[in-house]
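Two complexes, one shared chain (chain A), two partners (chain B, chain C).
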Partner chain A sequence: MHVNLFDPYQSGKSIIHSMDPRAKLVVTILFILSNAFLPDGAWLAFLFSWGMVLFAGGLAGLGPFYPLKRSFIALPFFLAGISAIFAVPGRAIGFLDMGPWRLVATDTGILRFASIVARSWISVQMAILLTATTQFPDIVHALRHLKVPQILVSIIVFMYRYLFVLIDEAVRLLRARQARSAQSTSGTGGGSIRWRARVTGNMAGQLFLRSYERSERVYAAMLSRGYQGQLLTLNPHEWHLKDWLLSCLAILLLFLFQWIARI
Partner chain B sequence: MPIVHDQISAANPLLTRASAPGSHLLSIQNLSFSYPDGQAALQNVSLAIEHGEKVALVGPNGAGKSTLMLHLNGILSGDGQVLIAGLEVNKSNLPLIRAKVGLVFQNPDDQLFSPTVYEDVAFGPLHMGLPEEDVHRCVKRALELVGMQQYGDRLSHHLSAGEKKRVSIATVLSMEPDILVFDEPTAGLDPRARRGLIRLLKGLPLTTLVSTHDMHMVHEIFSRVVILDEGRIVADGPAELILNDVDLLESHGLESPFEPVS
Partner chain C sequence: MIPVTPLIKPIHLHIPDGFLSLPIAVLFWILSILFILLAVRRTQREFGERQVPLMGVMAAFIFAAQMINFPVAGGTSGHLLGGVLAAVILGPWAGMLVMTSVVAVQALLFQDGGLLVMGANIFNMGILTALIGYGLHHGVAGKDRSIRLAVTGLAAWLSVIAGALATSLQVWLSGSALLQVIIPAMLGVHALIGIGEALITVAALSFILQVRPDLITPNPQSNHRRGWVAVGFLVSLVVLLLAPLASANPDGLERVAIDLGFYRQGQDPLYQIFPDYTLPGLGETPLSTIFAGVLGALFVAGITVLFTKVLRQPKKT
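Up next is the complex of A and B:
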């Protein structure tokens, strides 16, 4: 079985595709940082920031709204910011009763929540654009060149590689359960919630054991081929004039957004 | 029934670079190993393989075939002695030994851990410390040998099982080992991929040790068969003799490729 769903790279020959991965990675990280530093309610700056994603998406030949379409998968994570609505002091504009507790929503809280959603949504879109225009190995090499600790880079490499194996394994387990989730013509199928929970728990345990054993075998395979604790790479990356220009332009824009947000 | 002998071995220049004639390429003496839980996996195993020999290691599941193979490059180490081209397998020799023994694991997903095929094949030579031009040369040659030249840029998790198997073999061929060791190479392949693999194994001009349950492949490729059962070597001889000894094969949970089983 091949899981392609999570393979985000879209091949292409655009100016964004051919940028040095280091430049793309640095710009993406600075872009996310810049969004984090935009003050609450700086809607114009958020709009410009989003415009930069749309522009880059268009430049990459993916269409300006490609990152937006893929970004909905990250939507549930925005809920993490929901507590801001009730936690920030301000003028009360509504409340939510939860049993003995009453949660009071404030105007500054809602502003904070909306800003958090805007920041993270725009940032996620830029990260999606990065992975759509850069092959995974190149991102990894960029990390290595940017002196990210070896151990972190290795963890990222294996996480990506074994994500697919783990998904395959999980799908196999789920299929095996489905195939045996039968119902007789008389009684009811299934079982109690408690029993179902136990089955699911056992499956999670199975998945852990299988991936643990697999990691042992992978390590043996690495040792067999001369691994001595240091991952080496062949790809040298070249930094061209174009990369300087695009990175500088992007950084200038980021400063501009910060300025717009504060006037 | 004619036995297919391997024709390539003697004349090939690849084989002459190894140690002096007469000495064994692989020699195992009185090797015993128990897993940490106390289960004895190998008991007093002795085996010698000459240059250019193609040997099949057969035996039921749990006989200790995989355990034995992991001893050949020091992933596991038990009591007894293992020599590769006269070099003892011990801690100080490990990097050298691992360059000499090319171990192909049963599951390609364990063997292929780099993002792209090219990087995976380059992993061995790169970590052996070869200079960059040599790494590229080794990778090209290895991919050519398995017929996967066009696959360098592909991501390994997108390949079919047969393709993954070929790439797995390329990942050890690129290290230019003295001996190739395969753990069940045909398991899980469709007939066409299996046929391609058999052709590939036949054509590889290297000393080869293969553990397998595929008795028809044994009959096609190998001139010598070793039967391992319950951690002991119970038979070791010409394929012709062993494959025709139905009683011997069946008493160790195997089948002859010639006789229909009653």
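Up next is the complex of A and C:
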């Protein structure tokens, strides 16, 4: 099995794909920042903001709703935000008794919760679009141009390179465990919880040793190829007129959304 | 069948964008950046040019190890978060760098956790875990094997609790949750998740101690040992005191937060940190609040730098 399947990159030749990764990363971060600045209940601005994601998704040739389809990952965390309904004082709408406390749901609380969900959901969609149209090494390379420490960037490059190798390794370990243990109908797979946890811990330890030894081999191989503590790259990143135009357009739109939210 | 979902969602501590107010997000970015910069320098000194391949492969290892799960009951399963294991095996600074890379890749590649709030996620899952894990483990470094394993297990459990507590407090201070709901919910779930974390961490460490003890022998010439132990115990103590306080007496904690000026109910959270603080010429604008937040963060950062200076001093003697 090849775990490259997980890579969210969707190859293509659109104007968004060919945009400079730095421009895309900066615009994405500014977009998320802009959403954070939109006040609670600025629905029109949220709508326009989402429209920008849809438009960019369409431009990228992925279809406007592609990011939406993949955006349900942040959903579990929304549970934590539900309590915001009770957190903000305002006009009482209903209440819920919970142990010693009486939680009062307010209209401003509901507004807050809905705004958090909107902000979060729109932001994650833009981030999805970024990874769908930019290869990960390019994103990391952009980080380096944005003054993230070189070493951290190199570590992330390496991590990405070996991620799929080690996931394959982990999948092999899981398959081996499955092949050697019959599964009871209760779904617990035999043995007490402690025993099961120990087996799992042994697998993690085994994976660590394999990884550690692999890192030593990798280092030896790098040395033999002339590594001197610097990673070199061959793909040049160049700003074109198009990158300037698209970035400026995006930033202009973001200011427009802020204005719409405040009129 | 190969479990695929755990790869995407190992543990629900990854805060998405939109849940933290800007001042809180900026504050934790600055804190995390400070720790990361220190960690980069320290690991460079310790590992030299071996640093990049070792840290990179180890980060990939933690990511892959988070996939390995075991069934607990009722369709739920236990996972490894890995922060304590990384800090114990590789040392605190390397552990922080490895977990930072893991959190960064999870956010950038899989959208697990937001970009603007990544500083908070790094702090909760990489820095707190390393401080607790390495500090407690190092406190019993010379002791019996079983004691070391037990303490490491405790540290692993505590690190998950600490992450959950920090996450809850950040979300609450941002005005995105109610304290008396989020604390019991988060701590309750993670007290259970922490048991899985502890069991796996202990088993993995015991396996590595058996097969390659040379990799984990504590650094004998480590002079900052006492500093790390002190920090580890301090952080653990704060978590142990704060967690029951917050769940039993949220009103009390709210009182403290209000008195300290961190939280004022009834206002937009964006304007809550340093409520009276406005910068001349900027007035009550979001920009002014951001500057106020940054100033507050710099203040905390100054304390942190002083703290690490104190930590570093024993080395010179």
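Here, the second predicted complex is superposed on the first by the 214 of 263 C-alpha atoms of A that agree within 3 Å, B and C clash if a C-alpha of one lies under 4 Å from a C-alpha of the other, contacts with A are read in each partner's own complex, and residues count from 1 in each chain.
Going forward, a contact is a pair of C-beta atoms (placed from the backbone, for glycine too) under 8 Å apart; a residue touches a chain by one contact, two chains touch by 3 or more.
Everything numeric here is computed off the predicted structure, so don't read it as measured data.
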{"item": "First, second, both or neither for A:F136, with chain B first and chain C second", "value": "both"}
{"item": "Contacts of A:I93 with chain B and chain C, given as first, second, both or neither", "value": "neither"}
{"item": "First (chain B), second (chain C), both or neither touched by A:R175", "value": "second"}
{"item": "Residue contacts with chain A in the superposition, chain B compared against chain C", "value": "C"}
{"item": "Which of chain B and chain C A:A84 touches, first, second, both or neither", "value": "second"}
{"item": "Partner chain(s) touched by A:S154 [first = chain B, second = chain C, both, neither]", "value": "second"}
{"item": "Touching partner for A:I193 - first (chain B), second (chain C), both, neither", "value": "second"}
{"item": "Which superposed partner A:R214 touches (first chain B, second chain C, both, neither)", "value": "both"}
{"item": "Chain B versus chain C as contact partner of A:V165, first or second or both or neither", "value": "both"}
{"item": "Partner chain in contact with A:M222 - chain B first, chain C second, else both or neither", "value": "both"}
{"item": "Set of chain A residues, in rising order, touched by both chain B and chain C", "value": "7, 136, 140, 157-158, 160-161, 165, 214, 218, 222, 227-228"}
{"item": "In the complex with chain B, residue positions of chain A that touch it", "value": "2-4, 7, 135-137, 140, 157-158, 160-161, 164-165, 214, 217-218, 220-228, 230, 232-234"}
{"item": "Complex interface listing, chain B residues touching chain A", "value": "70, 73, 75, 95, 98-99, 101, 103, 105, 107, 109-111, 113-116, 119, 122-124, 126-128, 132, 135-136, 155, 157-158, 171-172, 175"}
{"item": "Chain A partner contacts - residues on chain C that touch it in the complex", "value": "2-4, 7-9, 12, 14-19, 21-22, 25, 36-37, 40, 44, 48-61, 63-65, 67-73, 75, 78, 80, 85, 89, 97, 100-102, 104-105, 107-112, 114-116, 168, 171-172, 175-178, 180-182, 185-186, 196, 199-208, 211-212, 215, 265-266, 268, 286"}
{"item": "Contact set on chain A toward chain C in their complex", "value": "1, 6-8, 28-29, 32-33, 35-37, 39-40, 70-71, 73-74, 76-77, 79-84, 86-89, 98, 101, 103, 112, 116-121, 123-124, 127-128, 131, 136, 139-140, 149, 151-152, 154-163, 165-167, 169-171, 173-175, 187-189, 193-194, 196-209, 211-212, 214-215, 218-219, 222, 227-229, 231"}
